[in-house]
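The two complexes that follow have subunit A in common; it is paired with subunit B in the first and with subunit C in the second.
For the complex of A and B:
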């Protein structure tokens, strides 16, 4: 929605700022570099070459779609917008189906679930999950980005996030160094819950999708109902 | 009609939105707020919010990676 006043102003500002430095040469250079790296990986490590392509595609998608996990959890509370959260819920639905297929291929019809080797991130859940989530939530809102968002914005040229990256690396290294301590204290004592173990993979998948769809409708309703930070 | 310019360069979300909100509160109806930012997420963030508030809003990319958002206070 725009008005004539804004249109006029926009045209005037565009006229004042004619000199645009083109960034297309940089794009060309980086495309060539990316292809060269892909070629090198094909020679030395085939697995890395696949990761390289998947990584590039994920980065491209996140950048173009402005997919931001921080915004998805911050904006509903701050301004009452849930468009990004809805996108995340849809991504979860797709992921649920995808992972159910992957795990079904792995598990098959067997009744015994070898939960430590099933593909996916199946980890013990306990008080450490909640504490970690709260700390991470506070941190990501202050720094303005989670891991993927921070990396994407650095690539985009948003300088502030380099400070975040330093903290991010420090935190990761500290975490890796002290993991054993926390593991002894909380993680190894917590149970590993894998719901398909109790109700079977198909029902677990359908149940999760139903819950996600209900969440989607709730979030959609929340968006229409809430107009926070209005004047 | 006044034009107020606020500088949100190098500011990360949600600071530009909060700055815009505070500035808009001080402005009169019909005034235009010009918000400069280099944070592409702020563009989507602010425009979505402004549309929800039913303000007139638009933006343009003046230089590569530098945007100006225009919000007209209509109520």
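For the complex of A and C:
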């Protein structure tokens, strides 16, 4: 081994040691701050206390599991890896059951669905959905992270993601500014399709779970066939 | 292996993350009636900034047509702000417990350019598809709204185009 290589290794080792200096005191401080804020919310706004604690847990979880929603779209295309996508499908199955129960309690036995007030994200579907999703899809791949990833990486100390966030805010403002154009062209003419409206909540739930399970096996098969990392 | 090592030092498998995120979103919906969304909060934050500069975004067609705020909430004081700040802080706390926090600089101008451009594209897209890959995908598909599935398919198309750009100009 050449001496320059040894020097390089030494340097790298030093870097690693430097990075390993303990940040636990800071961790403790920020944890206490988070808990104090939680306590304040408990007193002044119970709903916000829930948003706060769940938000903290979400942030903690996506950081610990290196969860990247962008990767779930990008990696199957780029390297044939579907491990994040499979985890999201598992999440979908859990949430399909959970959301169905919450919505069932809200709807009750009534035959008419009040689709504008049912808990969850229920919005008009149409050409605008496709255009928006394509634009978003391009953006998340070239910027290297979507909304949740941007928040997570800001927490990790990435300066780039602060720039992405600023762009994100500018983009939402531009989109809102031109919303009238899109609304008159597509959105106002598009239906809001809540699937249980047509087939009932129980069948919608079971059907969606079956589809998700089939999708899981397909994606698993796709991974074994295409994953470049495994070879 | 100690508990500290297992939770704090070693990355969790993706499926653990998936299960937990699914459960958290269900808890959020059960207790608050809202599912996890992000980008509308970015918009309200931007609108708040415009307000400071004396512009009146609340007159915009968009804000007259849509109110995604809870009763009594403002552009800055709303549940999106609470949730988004909590996600950043949660991630920061996780990194610090692992002693892995580090300011990571922007590598070059290209990264800066594509980061900013990608951010704008994502932001713009969310106003059309009613959310990002959280609000219009992760929370929409379990809500049994068809737009969640449509978003998933076309986001994949967008990601495919993005990958072409990535391979040609960025990597």
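Criterion: the second predicted complex is superposed on the first by the 200 of 231 C-alpha atoms of A that agree within 3 Å, B and C clash if a C-alpha of one lies under 4 Å from a C-alpha of the other, contacts with A are read in each partner's own complex, and residues count from 1 in each chain.
Methods note: a residue touches a chain if its C-beta (ideal position, glycine included) is under 8 Å from a C-beta of that chain, and two chains touch if they have at least 3 such contacts.
Worth saying up front: this structure is predicted, and the values here are computed from it rather than measured.
Q: Could you look at A:129 and tell me whether it touches subunit B, subunit C, both or neither (first, second, both, neither)?
A: In the superposition, A:129 touches subunit C alone.
Q: Examine A:23 and indicate which partner it touches, taking first as subunit B and second as subunit C; both and neither are also allowed.
A: Both subunit B and subunit C are touched by A:23.
Q: Which holds for A:174: it touches subunit B only (first), subunit C only (second), both, or neither?
A: Second partner only.
Q: Return first, second, both or neither, reflecting whether A:227 touches subunit B, subunit C, both chains, or no partner chain.
A: first
Q: A:9 in the overlay: touching subunit B, subunit C, both, or neither? Say first, second, both or neither.
A: first
Q: Thinking of the overlay built on chain A, is A:79 touched by subunit B (first), by subunit C (second), by both, or by neither?
A: first
Q: See if subunit A has more residues touched by subunit B or by subunit C, and give me that chain.
A: Ranking subunit B and subunit C by residues of subunit A touched puts C first.
Q: Classify the contacts of A:158 with the two partner chains as first (subunit B alone), second (subunit C alone), both, or neither.
A: A:158 contacts both subunit B and subunit C.
Q: Taking the contacts subunit A makes with subunit B in one complex and with subunit C in the other, which residues are shared?
A: In the superposed arrangement, which is not itself an observed complex, subunit A uses residues 20-23, 66, 70, 74, 78, 83, 143-144, 153, 156-161 for both subunit B and subunit C.
Q: If we count contacts the way the header does, which residues on subunit B are in touch with subunit A in the complex?
A: Result: residues 1, 3, 10-14, 17, 21, 24-25, 30, 32, 34, 38-41, 44-45, 48-49, 51-58, 60, 62-65, 68, 70, 72, 74 of subunit B touch subunit A.
Q: Which stretch or stretches of subunit A touch subunit C in the complex?
A: Per the touch definition, subunit A meets subunit C at residues 19-24, 26-27, 30-31, 33-34, 41, 47-48, 50-67, 69-70, 73-74, 77-78, 83-84, 86-96, 98-100, 102-103, 118-125, 128-144, 146-148, 150-161, 163-180, 182-183, 187, 192-196, 201, 204-205, 208.
Q: Applying the document's contact rule, which stretches of subunit C touch subunit A when the two form their complex?
A: Residues 7-8, 11-40, 42-43, 45-47, 49-50, 57, 60-63, 65, 70, 79, 82-97, 99-107, 111-112, 114-148, 150-163, 165-166, 170 of subunit C touch subunit A in their complex.
Q: Sort out for me which residues of subunit A touch subunit B in the complex.
A: Residue positions touching the partner: 1-3, 5-7, 9-10, 13-14, 17, 20-23, 66, 68, 70-71, 74-75, 78-81, 83, 143-145, 149, 153, 156-161, 227, 229-231.
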